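Here subunit A shows up in two complexes: once beside subunit B, once beside subunit C.
Right after this comes the complex of A and B.
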């Protein structure tokens, strides 16, 4: 006779609950895979990225999907560790047919590149804007939904050169692959634009206290200080101490330190911080930005800059798949990448303020925003700047 | 600005950040001294302290003078719970097993903080003021100066307590010989709890200081690793060693960072660790006793 213990019954009911909670997956779904950091040092970004991708997928599915096929995101948490990202990639690609993949780090993008080349079925984008990945030969099936880190600092330098020709600049970078990425290119571009890099400060990845670095900054007396390789710490402390010392330098950052909600918690010290943003902010007022309106309709509360990144990445994935399907081609890496590269003067619905083209692996446009502590918002400080060659 | 003044300023900054290291190292030392447990979750306790202060000061809107003691008490309470719930049942197990428990504890604390407060890095409400401090002509960051003063006072208090207070003497007695301490009527389990409460409270306090300088995030516990270097150099069971070790490493990091470049800070620190391990594996001030794991 079949007999159940209470424990078995509990287990059975729990698994039944889980099974019914999962949305039904159809066999012809177009699956976007993802190694997404929902825990660990980069979790703040992963949470936003996942939400942004899910929202765009929802918008597409509500409009009927791609040629009747639904989009679906299949992802795993990686804790921002390369081995976990690779494990997630292997697991997800063996369980689903995946042609589009979101990777979480430069390390992962480099590690999995050989596998992407070998498979030839999948294109990948992700959270990394590493300059190295912006090479359509070496990374033929990858792209990034924005400018690479060198292009980001290039946009900052264009702005500086216009605002204050011949300005003195200090570069502050974290001692990581991420932090060191754009140093050489920034110095080269600065000298082309007639700007002077007067000091380079490297901080250890775990740096909290920056008093000695601030002393160096005071000696250098720069007009602009460009940070790269950080999310938040130790930027506020740098800025507070510099203000205490009466330094006039203007502080700037790149995409991953540009989220307004993070700066709003810093308060007064954050006022005046500037940086390069490839996307509009959640609250930007703009004509012809139906996607921003749609996002605000779906989510009444502020959404972070990683959300915008995830949203746009999902949009570009979808556009590549759409173009491939419309051309009657098979969904594979060469076709998808060719379709992606055919994107020209594409309207992102206002996520990026100008029409975009993706001739290579990046979208080299951005805009300078400045944090206004009284409004608790990042406000535009320049027009859209393109560094497309 | 003269080079000498610059050197003096760098030195002061190094001493200040060294004091922060000393304070965190103290949390390792207090627990190890009494219980012979290397608590690798000190970094995470420090993070929790920062978040508790954030909750009391920003969440409940309490003033700093109330939020700081509450954060420290909260850290101590967690220490007590951990000692009773996780560490005491491990009594008599191999040191490596207890060591692993504290690593697991660190992961749990990070997970809890991420669940409760989310994953965004945050800034703590400012409570230290903004007026810069000048010693003569030399600039010292106000927060670093405060951190230095706090660390100096706390460490001095502990040195006095260990020498003259009954609880401190009981703690030293337990550290020297558990069985003898038992036979003298010392409540050894009580001493263990006390060490964890004080150790975790200290870590939480260091977390408030550290968080007010660099902001808080679930990943800020890595600072504990730098402090671990300090205790290995200074001696795992020496309060004075934590003080001296912290200041020495703070100074060397500041000088290396300034004159060699930021990328040499960690290299120099860990180079120093290697040298210390070769010459005095029990630390500059530690008890000469080598335990192989």
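Right after this comes the complex of A and C.
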């Protein structure tokens, strides 16, 4: 005879409760998959990206979805490891029909590219702005929600050429694929704009002691120093030591080192740091930015730059799916990518300050911001700059 | 109840599988491996391929560290050598993939011989540091030998082809990787029935005594490094065909720690230990994902909230095994076997 202990009954009832509370995922949901780093060295970005994507999906779903179909984000943590990202991709694509996917790194984007080509069902964007990915032939089903790294430094150079023609520049890059990515393109573009790259410094990605490199900087006496391939360290150390030596160089960075909350922890030494930012900041109260108002309504506290990146990526995924469905076409990679590439003069609701077009794999638009330590905010230092050819 | 195994010949005494139940279980296991690809979806096939690669590399490290007693933290770098060799041969020479994988093993073995030279003078933590130094040097080579490695951008491989068919999906790769790994594991098991393997064990147990017994430390320590690196090179070659992108960041230092942890958790100095350790280290983080999936219905955004917890649970599991089962997972299997030997007369 069967006999149940109280513990068994409790376990059974808990299981039943969970089973009945299964998510109301409809079969025709449009699923956005994601290999997102919620742990590991890139977790700070992953958390923001996930929140940004979820918020945009919520906005779309509250407005009725896409032709009555709800959007849903299915994602897994990757720890910013390529093998875990591929595992997450395989797990999610085995469990769901996924046509839109967010990838977390250049390594993953390159690794999964062959599979995307083979499947022909899914387009992908992600956290990587690698120049190599900005090739619509080699990476036909991928794109990035912003300028690639070479375009980012190109935007910086455009600004410099306008502010100080013939300026002397030092490039400081981390010794990684990420860090070395834009060096050749930056040098070539600088030469075209009549700027002089007087020194190249390569450091370990999280270098601590940079005194030798700062001495090189002193010898070079640049007007501008462009960092790339870092999030924060060793930038504050560079800036502090350079100020102590009386150097008047202006320090600049690219997207991943542009979050205001990171610099606010650095304090006074961060004052004056500049860089290229493809999106507006959370606190920007521009008139033509209803999406920022909506974000502030949903989340009263500051949201990071990765949040904006995730938000815009979800918006572009949605727009591609919307255009594909409106054309009465099947949701597959060729149709979705063609729909994405049909985006022209698109209003992002103020996330980007100018209308955008995506003829290829990137959105080569950005703006220079300067950190104001007293306001603890990144403030605009230029108008929006496009390097679209 | 089994009370003993009578062996009537030296051949029977040396056999890898000595009892009928062992042969039966091994047969069932082999059968399971053969039919698994037809039962598994893409996700599990991916993990099966990854497990096969990691088992091959962990077995190699076990030969060096578990059986010869030489601690190495350079296994990932040796894998990278194999991966780059495969990538270079495929892109430049267009040679068949099996040849490339073997060549990857051979080049890694040659590098392993060089890296193993300090083992003649140092051991333990000192040797571990020497192998870390070798990893750093190799990383520098991968970044800067532009003409061969394509620097930081690395090499992008085309799929391996077999009789003109590109091996692009995981089922096809499974039927390549699993047999290669099975052969390598079988080779390792047989190695320890030979003079060479027993010399390794003698060196591990007491190197001075081994030398007194006539075992050349120079020869056998370097042989151990070469064999271990060969295994890593072959695993790296399979890895290259699996992910098809090889960059200097593909094989970080933490990957070497992963393999060392695998053989410690699985059980050092046993063939089964390296297999179980690699399976554990590869699959447990993935299995913990299902815990999060299970909680998702009752806890919205469980993945975002619980992913750090998953990492902590994985770490605690490793620490737990080290404390409660220091001889590794292989010992649990042995204990289970002993229990059934005497069943039903002993609990």
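Points worth noting:
Here, the second predicted complex is superposed on the first by the 365 of 389 C-alpha atoms of A that agree within 3 Å, B and C clash if a C-alpha of one lies under 4 Å from a C-alpha of the other, contacts with A are read in each partner's own complex, and residues count from 1 in each chain.
By definition in this document, a contact is a pair of C-beta atoms (placed from the backbone, for glycine too) under 8 Å apart; a residue touches a chain by one contact, two chains touch by 3 or more.
All of these numbers come straight from a predicted model, not from anything done at the bench.
In the superposed pair of complexes, A:39 makes contact with subunit B and with subunit C alike. Legend: residue contacts after superposition of the two complexes on their common chain; A:63 is shown touching neither subunit B nor subunit C. By the touch criterion defined above, A:241 reaches subunit B but does not reach subunit C. In the superposition on chain A, A:75 contacts subunit C only, with no contact to subunit B.
In the superposed model, A:201 makes contact with subunit B only, not with subunit C.
In the superposed pair of complexes, A:87 makes contact with subunit C only, with no contact to subunit B. In the superposition on chain A, contact of A:212 is made with subunit B only, not with subunit C. Residue contacts after overlaying the shared chain place A:47 against subunit B and subunit C alike. Applying the stated contact rule after C-alpha superposition, one finds that A:175 touches each of subunit B and subunit C.
Residues 38-39, 43, 47, 175 of subunit A touch subunit B in one complex and subunit C in the other. Contact residues on subunit A toward subunit B in their complex (touch as defined above): 38-41, 43-44, 46-47, 175, 201-204, 206-209, 211-216, 218-219, 231-234, 236-237, 240-241, 243-245, 261-262, 265-267, 269. Within the complex formed with subunit A, the residues of subunit B that make contact are 1, 6, 9-10, 13-14, 16-17, 20, 110-111, 114, 118-123, 126, 130-132, 139-144, 210, 213-215, 217-220, 222-223, 225-226, 254, 257-258, 261-263, 265-266.
Those residues of subunit A lying in contact with subunit C across their complex are 17-18, 21-23, 38-39, 43, 47, 50-51, 54, 75-77, 79, 82-84, 86-87, 90-91, 93-95, 107, 110-111, 114, 118, 132, 175-177, 180-181. Residues 41-43, 46-47, 50, 143, 151-154, 156, 159, 168-170, 243-245, 247-250, 285-286, 289, 294, 296-298, 301, 303-304, 307-308, 310-311 of subunit C are the ones touching subunit A in the complex.
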